[in-house]
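Order as written gives the chain letters A, B, C and D; numbering starts at 1 within each chain.
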Amino acid sequence: MTFRTSLPIRFGHEDHARIVYFPRFLHFFHCAFEDFFAGNGIPYRESLETDQVGWPAVHVDVDFQSPLRFGDTFDVDVWVAEMGTKSAKFAYRGRCEGRAVATAEITVACIAMDTFQAQPIPPKYRALFEAHREPPTD
Amino acid sequence: MTFRTSLPIRFGHEDHARIVYFPRFLHFFHCAFEDFFAGNGIPYRESLETDQVGWPAVHVDVDFQSPLRFGDTFDVDVWVAEMGTKSAKFAYRGRCEGRAVATAEITVACIAMDTFQAQPIPPKYRALFEAHREPPTD
Amino acid sequence: MTFRTSLPIRFGHEDHARIVYFPRFLHFFHCAFEDFFAGNGIPYRESLETDQVGWPAVHVDVDFQSPLRFGDTFDVDVWVAEMGTKSAKFAYRGRCEGRAVATAEITVACIAMDTFQAQPIPPKYRALFEAHREPPTD
Amino acid sequence: MTFRTSLPIRFGHEDHARIVYFPRFLHFFHCAFEDFFAGNGIPYRESLETDQVGWPAVHVDVDFQSPLRFGDTFDVDVWVAEMGTKSAKFAYRGRCEGRAVATAEITVACIAMDTFQAQPIPPKYRALFEAHREPPTD
(Lines give C-alpha, C1' and ligand atoms only; values in the text may rest on other atoms or scores of the structure.)
Protein backbone atom coordinates (compact mmCIF):
# COMPACT_ATOMS: atom_id res chain seq x y z
CA MET A 1 0.00 0.00 0.00
CA THR A 2 1.19 3.46 -0.87
CA PHE A 3 0.53 6.53 1.22
CA ARG A 4 -0.44 9.68 -0.67
CA THR A 5 -0.44 13.31 0.42
CA SER A 6 -0.86 16.63 -1.37
CA LEU A 7 1.00 19.88 -0.77
CA PRO A 8 0.13 23.39 -1.97
CA ILE A 9 2.90 25.22 -3.84
CA ARG A 10 3.32 28.80 -2.69
CA PHE A 11 4.35 32.12 -4.22
CA GLY A 12 7.52 32.15 -2.10
CA HIS A 13 8.55 28.66 -3.22
CA GLU A 14 9.58 29.90 -6.65
CA ASP A 15 13.01 31.31 -7.36
CA HIS A 16 14.38 33.80 -9.86
CA ALA A 17 13.69 31.35 -12.72
CA ARG A 18 9.99 31.30 -11.73
CA ILE A 19 9.96 27.60 -10.96
CA VAL A 20 10.18 25.95 -7.54
CA TYR A 21 13.71 26.32 -6.12
CA PHE A 22 14.96 22.72 -6.22
CA PRO A 23 16.22 22.53 -2.61
CA ARG A 24 12.62 23.00 -1.50
CA PHE A 25 11.71 19.61 -2.94
CA LEU A 26 13.59 17.96 -0.09
CA HIS A 27 11.44 19.98 2.31
CA PHE A 28 8.31 18.84 0.46
CA PHE A 29 9.44 15.21 0.66
CA HIS A 30 10.07 15.62 4.38
CA CYS A 31 6.55 17.07 4.76
CA ALA A 32 5.26 13.95 2.98
CA PHE A 33 7.37 11.84 5.38
CA GLU A 34 5.73 13.61 8.34
CA ASP A 35 2.29 13.13 6.77
CA PHE A 36 3.08 9.44 6.26
CA PHE A 37 3.50 9.00 10.02
CA ALA A 38 0.54 11.21 11.00
CA GLY A 39 -1.75 9.69 8.35
CA ASN A 40 -1.03 6.27 9.80
CA GLY A 41 -1.92 7.22 13.36
CA ILE A 42 1.51 8.25 14.64
CA PRO A 43 1.98 12.03 14.73
CA TYR A 44 5.64 12.60 13.85
CA ARG A 45 6.06 14.42 17.17
CA GLU A 46 5.05 11.19 18.97
CA SER A 47 8.00 9.41 17.37
CA LEU A 48 10.51 12.09 18.35
CA GLU A 49 9.20 13.16 21.73
CA THR A 50 7.21 10.30 23.24
CA ASP A 51 9.09 7.38 21.72
CA GLN A 52 12.40 9.29 21.45
CA VAL A 53 13.02 7.80 18.02
CA GLY A 54 14.52 10.03 15.33
CA TRP A 55 15.00 9.55 11.57
CA PRO A 56 17.86 11.67 10.17
CA ALA A 57 18.51 11.44 6.43
CA VAL A 58 21.82 9.79 5.58
CA HIS A 59 21.44 9.60 1.82
CA VAL A 60 19.33 11.46 -0.70
CA ASP A 61 18.77 10.78 -4.38
CA VAL A 62 16.41 13.03 -6.34
CA ASP A 63 15.48 13.02 -9.99
CA PHE A 64 13.73 16.04 -11.47
CA GLN A 65 11.43 15.43 -14.42
CA SER A 66 9.52 18.70 -14.89
CA PRO A 67 9.14 22.08 -13.16
CA LEU A 68 6.61 22.91 -10.47
CA ARG A 69 5.05 26.36 -10.23
CA PHE A 70 3.20 28.31 -7.58
CA GLY A 71 -0.50 27.56 -7.50
CA ASP A 72 0.24 23.91 -8.37
CA THR A 73 -0.67 21.04 -6.07
CA PHE A 74 2.16 18.59 -5.51
CA ASP A 75 0.87 15.03 -5.08
CA VAL A 76 3.36 12.73 -3.39
CA ASP A 77 3.22 8.95 -3.03
CA VAL A 78 5.32 7.50 -0.22
CA TRP A 79 6.46 3.93 0.28
CA VAL A 80 9.31 2.00 1.88
CA ALA A 81 11.61 0.69 -0.85
CA GLU A 82 14.10 -1.06 1.43
CA MET A 83 14.28 -1.87 5.11
CA GLY A 84 17.42 -2.72 7.04
CA THR A 85 17.92 -3.33 10.74
CA LYS A 86 18.78 0.25 11.63
CA SER A 87 17.76 2.16 8.51
CA ALA A 88 15.06 2.36 5.86
CA LYS A 89 14.95 3.72 2.33
CA PHE A 90 11.82 5.75 1.63
CA ALA A 91 10.72 6.27 -1.95
CA TYR A 92 8.73 9.27 -3.14
CA ARG A 93 6.94 9.87 -6.42
CA GLY A 94 5.85 13.47 -6.89
CA ARG A 95 3.38 14.46 -9.56
CA CYS A 96 1.20 17.41 -10.55
CA GLU A 97 -2.10 16.65 -12.27
CA GLY A 98 -0.67 13.27 -13.25
CA ARG A 99 2.49 14.74 -14.77
CA ALA A 100 5.82 13.37 -13.43
CA VAL A 101 7.61 16.14 -11.47
CA ALA A 102 10.21 14.55 -9.22
CA THR A 103 11.06 11.22 -7.65
CA ALA A 104 13.32 10.61 -4.67
CA GLU A 105 14.86 7.95 -2.52
CA ILE A 106 15.79 9.09 0.95
CA THR A 107 17.52 6.71 3.33
CA VAL A 108 16.97 7.48 7.00
CA ALA A 109 18.79 6.06 9.97
CA CYS A 110 16.86 5.09 13.09
CA ILE A 111 18.42 6.82 16.10
CA ALA A 112 17.76 7.26 19.80
CA MET A 113 17.00 10.96 20.26
CA ASP A 114 18.93 11.22 23.55
CA THR A 115 22.21 9.75 22.27
CA PHE A 116 21.88 10.34 18.49
CA GLN A 117 23.17 6.76 18.12
CA ALA A 118 21.77 4.35 15.53
CA GLN A 119 19.47 1.69 16.93
CA PRO A 120 17.31 -1.14 15.57
CA ILE A 121 13.99 0.09 14.20
CA PRO A 122 11.45 -0.54 17.02
CA PRO A 123 8.67 -3.09 16.25
CA LYS A 124 5.97 -0.39 16.15
CA TYR A 125 7.75 1.38 13.30
CA ARG A 126 8.88 -1.80 11.59
CA ALA A 127 5.23 -2.85 11.38
CA LEU A 128 4.26 0.54 9.95
CA PHE A 129 7.01 0.40 7.34
CA GLU A 130 6.28 -3.26 6.40
CA ALA A 131 2.68 -2.28 5.68
CA HIS A 132 3.87 0.23 3.08
CA ARG A 133 6.39 -1.69 1.00
CA GLU A 134 4.38 -1.56 -2.23
CA PRO A 135 5.12 1.08 -4.86
CA PRO A 136 2.11 2.81 -6.45
CA THR A 137 0.39 0.69 -9.08
CA ASP A 138 -1.15 3.46 -11.18
CA MET B 1 28.62 53.03 17.94
CA THR B 2 26.81 51.12 15.24
CA PHE B 3 27.65 47.58 14.25
CA ARG B 4 27.68 46.86 10.53
CA THR B 5 27.53 43.56 8.65
CA SER B 6 27.04 42.55 5.02
CA LEU B 7 25.04 39.65 3.64
CA PRO B 8 25.10 38.15 0.13
CA ILE B 9 21.72 37.88 -1.59
CA ARG B 10 21.23 34.53 -3.26
CA PHE B 11 19.41 33.16 -6.32
CA GLY B 12 16.97 31.27 -4.10
CA HIS B 13 16.11 34.37 -2.05
CA GLU B 14 14.01 35.82 -4.86
CA ASP B 15 10.38 34.91 -5.36
CA HIS B 16 8.08 34.78 -8.37
CA ALA B 17 8.24 38.60 -8.68
CA ARG B 18 12.05 38.37 -9.04
CA ILE B 19 12.74 40.41 -5.93
CA VAL B 20 13.69 39.11 -2.49
CA TYR B 21 10.66 37.43 -0.84
CA PHE B 22 9.88 39.84 2.00
CA PRO B 23 9.71 37.27 4.83
CA ARG B 24 13.40 36.60 4.21
CA PHE B 25 14.26 40.08 5.43
CA LEU B 26 13.47 38.98 8.96
CA HIS B 27 15.94 36.15 8.48
CA PHE B 28 18.54 38.62 7.22
CA PHE B 29 17.96 40.87 10.23
CA HIS B 30 18.36 37.87 12.53
CA CYS B 31 21.62 37.02 10.76
CA ALA B 32 22.72 40.61 11.46
CA PHE B 33 21.66 40.13 15.09
CA GLU B 34 23.84 37.00 15.31
CA ASP B 35 26.73 38.85 13.66
CA PHE B 36 26.28 41.69 16.17
CA PHE B 37 26.98 39.28 19.04
CA ALA B 38 29.80 37.42 17.28
CA GLY B 39 31.41 40.59 16.00
CA ASN B 40 31.57 41.87 19.56
CA GLY B 41 33.28 38.82 20.95
CA ILE B 42 30.27 36.78 22.02
CA PRO B 43 29.39 34.02 19.53
CA TYR B 44 25.57 33.82 19.57
CA ARG B 45 25.88 30.17 20.56
CA GLU B 46 27.72 31.25 23.73
CA SER B 47 24.70 33.26 24.78
CA LEU B 48 22.26 30.41 24.21
CA GLU B 49 24.34 27.42 25.29
CA THR B 50 26.99 28.59 27.73
CA ASP B 51 25.11 31.47 29.33
CA GLN B 52 21.66 29.94 28.74
CA VAL B 53 20.30 33.34 27.75
CA GLY B 54 17.84 33.51 24.85
CA TRP B 55 16.39 36.43 22.87
CA PRO B 56 13.04 35.61 21.27
CA ALA B 57 11.39 38.33 19.19
CA VAL B 58 8.20 39.68 20.72
CA HIS B 59 7.53 42.53 18.32
CA VAL B 60 8.62 43.25 14.77
CA ASP B 61 8.18 46.40 12.70
CA VAL B 62 9.62 46.51 9.19
CA ASP B 63 9.50 49.22 6.57
CA PHE B 64 10.38 48.36 2.98
CA GLN B 65 11.83 51.14 0.85
CA SER B 66 13.11 49.43 -2.29
CA PRO B 67 13.56 45.91 -3.65
CA LEU B 68 16.61 43.73 -3.22
CA ARG B 69 17.76 41.35 -5.94
CA PHE B 70 20.02 38.32 -6.14
CA GLY B 71 23.65 39.24 -6.57
CA ASP B 72 23.16 42.30 -4.36
CA THR B 73 25.02 42.78 -1.09
CA PHE B 74 22.77 43.75 1.80
CA ASP B 75 24.55 46.08 4.25
CA VAL B 76 22.93 46.18 7.66
CA ASP B 77 23.62 48.59 10.53
CA VAL B 78 22.58 47.35 13.97
CA TRP B 79 22.06 49.36 17.14
CA VAL B 80 20.02 49.22 20.34
CA ALA B 81 17.23 51.80 20.14
CA GLU B 82 15.70 51.10 23.56
CA MET B 83 16.66 49.03 26.56
CA GLY B 84 14.30 47.89 29.29
CA THR B 85 14.95 45.64 32.27
CA LYS B 86 13.93 42.41 30.54
CA SER B 87 13.80 43.43 26.90
CA ALA B 88 15.60 45.47 24.28
CA LYS B 89 14.56 47.03 21.00
CA PHE B 90 17.10 46.49 18.23
CA ALA B 91 17.09 48.79 15.23
CA TYR B 92 18.28 47.78 11.76
CA ARG B 93 19.00 49.89 8.72
CA GLY B 94 19.46 47.85 5.56
CA ARG B 95 20.95 49.34 2.43
CA CYS B 96 22.39 48.26 -0.90
CA GLU B 97 25.16 50.40 -2.41
CA GLY B 98 23.94 53.26 -0.23
CA ARG B 99 20.32 52.95 -1.37
CA ALA B 100 17.69 52.54 1.38
CA VAL B 101 16.21 49.03 1.19
CA ALA B 102 14.53 48.22 4.52
CA THR B 103 14.57 49.32 8.13
CA ALA B 104 13.31 47.39 11.12
CA GLU B 105 12.79 47.52 14.83
CA ILE B 106 12.74 44.16 16.54
CA THR B 107 12.02 43.94 20.25
CA VAL B 108 13.49 40.87 21.91
CA ALA B 109 12.76 39.54 25.38
CA CYS B 110 15.58 38.24 27.55
CA ILE B 111 14.73 34.73 28.70
CA ALA B 112 16.33 31.88 30.60
CA MET B 113 16.74 29.07 28.08
CA ASP B 114 15.79 26.34 30.57
CA THR B 115 12.47 27.87 31.69
CA PHE B 116 11.68 30.18 28.73
CA GLN B 117 10.76 32.77 31.38
CA ALA B 118 11.67 36.45 31.01
CA GLN B 119 14.59 37.57 33.16
CA PRO B 120 16.60 40.77 33.68
CA ILE B 121 19.24 41.28 30.99
CA PRO B 122 22.51 40.03 32.56
CA PRO B 123 25.24 42.69 33.09
CA LYS B 124 27.47 41.19 30.34
CA TYR B 125 24.76 41.77 27.74
CA ARG B 126 23.59 45.05 29.22
CA ALA B 127 27.13 46.39 28.78
CA LEU B 128 27.26 45.14 25.19
CA PHE B 129 23.94 46.76 24.37
CA GLU B 130 24.81 50.05 26.13
CA ALA B 131 27.91 50.31 23.98
CA HIS B 132 25.74 50.24 20.85
CA ARG B 133 23.00 52.76 21.55
CA GLU B 134 24.00 55.19 18.81
CA PRO B 135 22.23 55.13 15.44
CA PRO B 136 24.46 55.41 12.36
CA THR B 137 25.61 58.95 11.66
CA ASP B 138 26.17 58.70 7.92
CA MET C 1 -16.67 38.88 7.12
CA THR C 2 -13.38 37.34 8.06
CA PHE C 3 -11.56 34.76 5.98
CA ARG C 4 -10.03 31.86 7.89
CA THR C 5 -7.37 29.35 6.83
CA SER C 6 -5.30 26.73 8.65
CA LEU C 7 -1.66 25.83 8.12
CA PRO C 8 0.25 22.75 9.33
CA ILE C 9 3.43 23.48 11.28
CA ARG C 10 6.32 21.31 10.18
CA PHE C 11 9.41 19.75 11.75
CA GLY C 12 11.67 22.03 9.72
CA HIS C 13 9.85 25.18 10.83
CA GLU C 14 11.37 25.04 14.29
CA ASP C 15 14.75 26.53 15.08
CA HIS C 16 17.44 25.78 17.64
CA ALA C 17 15.12 26.94 20.47
CA ARG C 18 12.57 24.32 19.39
CA ILE C 19 9.89 26.84 18.58
CA VAL C 20 8.93 28.18 15.15
CA TYR C 21 11.66 30.49 13.83
CA PHE C 22 9.94 33.88 13.91
CA PRO C 23 10.75 34.96 10.33
CA ARG C 24 8.63 32.05 9.14
CA PHE C 25 5.51 33.74 10.53
CA LEU C 26 5.69 36.24 7.69
CA HIS C 27 5.71 33.33 5.27
CA PHE C 28 2.68 31.85 7.04
CA PHE C 29 0.86 35.17 6.83
CA HIS C 30 1.67 35.37 3.13
CA CYS C 31 0.29 31.84 2.69
CA ALA C 32 -2.90 33.05 4.42
CA PHE C 33 -2.91 36.05 2.04
CA GLU C 34 -2.71 33.67 -0.94
CA ASP C 35 -5.47 31.50 0.55
CA PHE C 36 -7.60 34.63 1.03
CA PHE C 37 -7.53 35.27 -2.73
CA ALA C 38 -7.96 31.61 -3.74
CA GLY C 39 -10.68 30.99 -1.16
CA ASN C 40 -12.64 33.89 -2.63
CA GLY C 41 -12.47 32.62 -6.18
CA ILE C 42 -9.35 34.39 -7.40
CA PRO C 43 -6.28 32.12 -7.44
CA TYR C 44 -3.35 34.35 -6.47
CA ARG C 45 -1.69 33.44 -9.75
CA GLU C 46 -4.67 34.96 -11.60
CA SER C 47 -3.96 38.30 -9.95
CA LEU C 48 -0.25 38.25 -10.83
CA GLU C 49 -0.31 36.61 -14.25
CA THR C 50 -3.71 37.16 -15.83
CA ASP C 51 -4.55 40.53 -14.29
CA GLN C 52 -0.89 41.61 -13.95
CA VAL C 53 -1.62 43.04 -10.51
CA GLY C 54 0.96 42.56 -7.74
CA TRP C 55 0.87 43.19 -4.00
CA PRO C 56 4.33 43.78 -2.51
CA ALA C 57 4.54 44.38 1.24
CA VAL C 58 5.63 47.90 2.15
CA HIS C 59 5.14 47.74 5.90
CA VAL C 60 4.96 44.88 8.39
CA ASP C 61 4.00 44.91 12.05
CA VAL C 62 3.95 41.65 13.98
CA ASP C 63 3.19 40.95 17.61
CA PHE C 64 4.15 37.57 19.06
CA GLN C 65 2.05 36.30 21.96
CA SER C 66 3.07 32.66 22.41
CA PRO C 67 5.27 30.08 20.69
CA LEU C 68 4.19 27.70 17.96
CA ARG C 69 5.60 24.18 17.73
CA PHE C 70 5.80 21.52 15.05
CA GLY C 71 2.70 19.37 14.88
CA ASP C 72 0.54 22.42 15.75
CA THR C 73 -2.09 23.76 13.39
CA PHE C 74 -1.90 27.51 12.87
CA ASP C 75 -5.36 29.05 12.38
CA VAL C 76 -5.25 32.45 10.71
CA ASP C 77 -8.07 34.98 10.32
CA VAL C 78 -7.59 37.52 7.55
CA TRP C 79 -9.38 40.82 7.04
CA VAL C 80 -8.74 44.23 5.48
CA ALA C 81 -8.17 46.78 8.23
CA GLU C 82 -7.64 49.81 6.01
CA MET C 83 -8.00 50.53 2.33
CA GLY C 84 -6.43 53.41 0.46
CA THR C 85 -6.43 54.23 -3.23
CA LYS C 86 -3.22 52.38 -4.06
CA SER C 87 -2.63 50.28 -0.94
CA ALA C 88 -4.41 48.18 1.64
CA LYS C 89 -3.59 47.13 5.17
CA PHE C 90 -4.31 43.46 5.81
CA ALA C 91 -4.78 42.26 9.38
CA TYR C 92 -4.01 38.74 10.57
CA ARG C 93 -4.90 36.99 13.80
CA GLY C 94 -3.06 33.72 14.29
CA ARG C 95 -4.11 31.22 16.91
CA CYS C 96 -3.50 27.60 17.89
CA GLU C 97 -6.39 25.74 19.53
CA GLY C 98 -7.88 29.09 20.49
CA ARG C 99 -4.65 30.34 22.08
CA ALA C 100 -3.31 33.68 20.82
CA VAL C 101 -0.03 33.08 18.93
CA ALA C 102 0.69 36.09 16.73
CA THR C 103 -1.09 39.02 15.14
CA ALA C 104 0.11 41.10 12.22
CA GLU C 105 -0.71 44.07 10.07
CA ILE C 106 0.84 43.99 6.63
CA THR C 107 0.38 46.92 4.26
CA VAL C 108 0.64 46.01 0.60
CA ALA C 109 0.93 48.34 -2.35
CA CYS C 110 -1.03 47.66 -5.52
CA ILE C 111 1.36 47.60 -8.47
CA ALA C 112 1.31 46.87 -12.17
CA MET C 113 3.47 43.75 -12.62
CA ASP C 114 5.07 45.01 -15.86
CA THR C 115 6.25 48.39 -14.52
CA PHE C 116 6.36 47.70 -10.75
CA GLN C 117 4.67 51.11 -10.36
CA ALA C 118 1.89 51.73 -7.85
CA GLN C 119 -1.59 51.93 -9.34
CA PRO C 120 -5.15 52.32 -8.05
CA ILE C 121 -6.61 49.05 -6.74
CA PRO C 122 -8.75 47.69 -9.63
CA PRO C 123 -12.51 47.43 -8.93
CA LYS C 124 -12.44 43.60 -8.88
CA TYR C 125 -10.00 43.64 -5.97
CA ARG C 126 -11.56 46.65 -4.28
CA ALA C 127 -14.85 44.74 -4.15
CA LEU C 128 -13.12 41.69 -2.72
CA PHE C 129 -11.38 43.73 -0.04
CA GLU C 130 -14.52 45.72 0.85
CA ALA C 131 -16.34 42.45 1.49
CA HIS C 132 -13.75 41.54 4.13
CA ARG C 133 -13.45 44.67 6.26
CA GLU C 134 -14.81 43.10 9.44
CA PRO C 135 -12.45 41.79 12.12
CA PRO C 136 -13.33 38.40 13.65
CA THR C 137 -16.10 38.61 16.22
CA ASP C 138 -15.23 35.55 18.31
CA MET D 1 41.78 22.99 -9.64
CA THR D 2 39.09 23.00 -7.01
CA PHE D 3 37.10 26.05 -6.04
CA ARG D 4 36.52 26.53 -2.30
CA THR D 5 34.00 28.69 -0.48
CA SER D 6 32.84 28.99 3.15
CA LEU D 7 29.34 29.54 4.45
CA PRO D 8 28.23 30.59 7.94
CA ILE D 9 25.65 28.33 9.59
CA ARG D 10 22.85 30.28 11.23
CA PHE D 11 20.54 29.88 14.21
CA GLY D 12 17.55 29.45 11.92
CA HIS D 13 19.22 26.70 9.89
CA GLU D 14 18.76 24.15 12.67
CA ASP D 15 15.57 22.17 13.07
CA HIS D 16 13.83 20.54 16.03
CA ALA D 17 16.68 18.02 16.38
CA ARG D 18 19.14 20.92 16.82
CA ILE D 19 21.15 20.05 13.74
CA VAL D 20 20.95 21.65 10.31
CA TYR D 21 17.69 20.66 8.58
CA PHE D 22 18.95 18.43 5.75
CA PRO D 23 17.04 20.13 2.88
CA ARG D 24 19.09 23.25 3.59
CA PHE D 25 22.23 21.48 2.42
CA LEU D 26 20.97 21.70 -1.14
CA HIS D 27 20.61 25.45 -0.64
CA PHE D 28 24.18 25.59 0.71
CA PHE D 29 25.47 23.64 -2.29
CA HIS D 30 23.63 26.02 -4.60
CA CYS D 31 25.24 28.95 -2.77
CA ALA D 32 28.60 27.28 -3.41
CA PHE D 33 27.60 26.88 -7.08
CA GLU D 34 26.85 30.62 -7.26
CA ASP D 35 30.15 31.40 -5.54
CA PHE D 36 31.94 29.15 -8.03
CA PHE D 37 30.76 31.35 -10.91
CA ALA D 38 31.31 34.66 -9.10
CA GLY D 39 34.70 33.60 -7.74
CA ASN D 40 35.81 32.86 -11.29
CA GLY D 41 34.82 36.25 -12.66
CA ILE D 42 31.28 35.48 -13.82
CA PRO D 43 28.63 36.72 -11.38
CA TYR D 44 25.85 34.13 -11.51
CA ARG D 45 23.44 36.89 -12.53
CA GLU D 46 25.58 37.50 -15.64
CA SER D 47 24.96 33.91 -16.75
CA LEU D 48 21.20 34.13 -16.26
CA GLU D 49 20.50 37.71 -17.32
CA THR D 50 23.24 38.83 -19.68
CA ASP D 51 24.05 35.51 -21.29
CA GLN D 52 20.55 34.07 -20.81
CA VAL D 53 22.02 30.72 -19.81
CA GLY D 54 20.38 28.80 -16.96
CA TRP D 55 21.45 25.71 -15.01
CA PRO D 56 18.50 23.84 -13.48
CA ALA D 57 19.28 20.73 -11.42
CA VAL D 58 18.09 17.53 -13.02
CA HIS D 59 19.62 15.04 -10.59
CA VAL D 60 20.82 15.29 -7.01
CA ASP D 61 22.75 12.79 -4.94
CA VAL D 62 23.74 13.71 -1.37
CA ASP D 63 25.55 11.73 1.27
CA PHE D 64 25.46 12.92 4.86
CA GLN D 65 28.43 12.01 7.05
CA SER D 66 28.00 14.10 10.22
CA PRO D 67 25.74 16.85 11.55
CA LEU D 68 26.30 20.57 11.16
CA ARG D 69 25.31 23.02 13.89
CA PHE D 70 24.70 26.74 14.08
CA GLY D 71 27.86 28.72 14.61
CA ASP D 72 29.77 26.27 12.43
CA THR D 73 31.47 27.30 9.22
CA PHE D 74 30.69 25.04 6.28
CA ASP D 75 33.65 24.73 3.89
CA VAL D 76 32.68 23.53 0.45
CA ASP D 77 34.94 22.39 -2.39
CA VAL D 78 33.42 22.52 -5.86
CA TRP D 79 34.57 20.81 -9.02
CA VAL D 80 33.13 19.46 -12.27
CA ALA D 81 33.06 15.66 -12.11
CA GLU D 82 31.58 15.06 -15.55
CA MET D 83 30.80 17.21 -18.55
CA GLY D 84 28.42 16.34 -21.36
CA THR D 85 27.31 18.38 -24.34
CA LYS D 86 24.24 19.87 -22.69
CA SER D 87 24.80 19.04 -19.02
CA ALA D 88 27.47 18.90 -16.34
CA LYS D 89 27.80 17.04 -13.06
CA PHE D 90 29.11 19.23 -10.26
CA ALA D 91 30.67 17.58 -7.23
CA TYR D 92 30.71 19.11 -3.76
CA ARG D 93 32.67 18.15 -0.67
CA GLY D 94 31.44 19.84 2.49
CA ARG D 95 33.48 19.87 5.67
CA CYS D 96 33.61 21.62 9.01
CA GLU D 97 37.04 22.12 10.60
CA GLY D 98 38.31 19.28 8.42
CA ARG D 99 35.55 16.87 9.47
CA ALA D 100 33.51 15.27 6.67
CA VAL D 101 29.94 16.63 6.80
CA ALA D 102 28.27 16.02 3.43
CA THR D 103 29.18 15.32 -0.18
CA ALA D 104 26.97 15.80 -3.21
CA GLU D 105 26.79 15.34 -6.94
CA ILE D 106 24.36 17.65 -8.68
CA THR D 107 23.79 17.34 -12.40
CA VAL D 108 22.62 20.53 -14.07
CA ALA D 109 21.24 20.96 -17.56
CA CYS D 110 22.30 23.92 -19.67
CA ILE D 111 19.21 25.75 -20.88
CA ALA D 112 18.30 28.90 -22.79
CA MET D 113 16.49 31.11 -20.26
CA ASP D 114 13.92 32.32 -22.80
CA THR D 115 12.77 28.90 -23.99
CA PHE D 116 13.81 26.70 -21.03
CA GLN D 117 15.11 24.26 -23.67
CA ALA D 118 18.39 22.38 -23.25
CA GLN D 119 21.25 23.71 -25.33
CA PRO D 120 24.97 22.96 -25.77
CA ILE D 121 27.11 24.48 -23.02
CA PRO D 122 28.51 27.73 -24.52
CA PRO D 123 32.32 27.88 -24.94
CA LYS D 124 32.74 30.50 -22.17
CA TYR D 125 31.20 28.12 -19.62
CA ARG D 126 32.80 25.01 -21.09
CA ALA D 127 36.20 26.65 -20.57
CA LEU D 128 35.31 27.56 -16.98
CA PHE D 129 34.16 24.03 -16.22
CA GLU D 130 37.17 22.40 -17.93
CA ALA D 131 39.47 24.44 -15.70
CA HIS D 132 37.86 22.88 -12.63
CA ARG D 133 37.79 19.16 -13.38
CA GLU D 134 40.18 18.17 -10.60
CA PRO D 135 38.83 16.91 -7.27
CA PRO D 136 40.51 18.29 -4.11
CA THR D 137 43.82 16.67 -3.37
CA ASP D 138 43.96 17.20 0.39
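We adopt the following convention: contacts are C-beta pairs under 8 Å (C-beta built on N, C-alpha and C of every residue); 3 or more make two chains touch, one makes a residue touch a chain.
Bear in mind that the values here come from a model prediction, so they are computed numbers and not experimental data.
S.K.: Where the centre means the average of the CA atoms, what chain is farthest from subunit C?
M.R.: D
S.K.: Counting C-beta pairs in contact, which comes out ahead: A-D or A-B?
M.R.: When A-D is set beside A-B, the one with more contacts is A-D.
S.K.: Could you put a whole-Å number on the gap between the CA centroids of subunit A and subunit C?
M.R.: Each chain's C-alpha centroid was found; their separation is 28 Å.
S.K.: Please tell me the distance, in whole Å, between the geometric centres of subunit A and subunit B computed from their C-alpha atoms.
M.R.: Those two chain centres are 34 Å apart.
S.K.: If you average the CA atoms of subunit A and of subunit D, how far apart do the two points sit, in angstrom?
M.R.: Centre-to-centre distance between subunit A and subunit D: 24 Å.
S.K.: Which parts of subunit C, given as residue numbers and ranges, touch two or more other chains?
M.R.: Only 11-12, 16, 21, 23, 27, 30, 48, 70 qualify.
S.K.: Using the touch definition from the top, list the residues of subunit C that touch subunit A in their complex.
M.R.: 8, 10-12, 27, 30-31, 34, 43-45, 48, 69-71
S.K.: Give the list of subunit A residues in touch with subunit B in this complex.
M.R.: 11-12, 14-16, 18, 21, 23, 70
S.K.: Please name which positions on subunit C make contact with subunit B in the complex.
M.R.: Listed in rising order, the residues are 16-17, 19, 21-27, 30, 48, 54, 56-64, 67, 113, 116.
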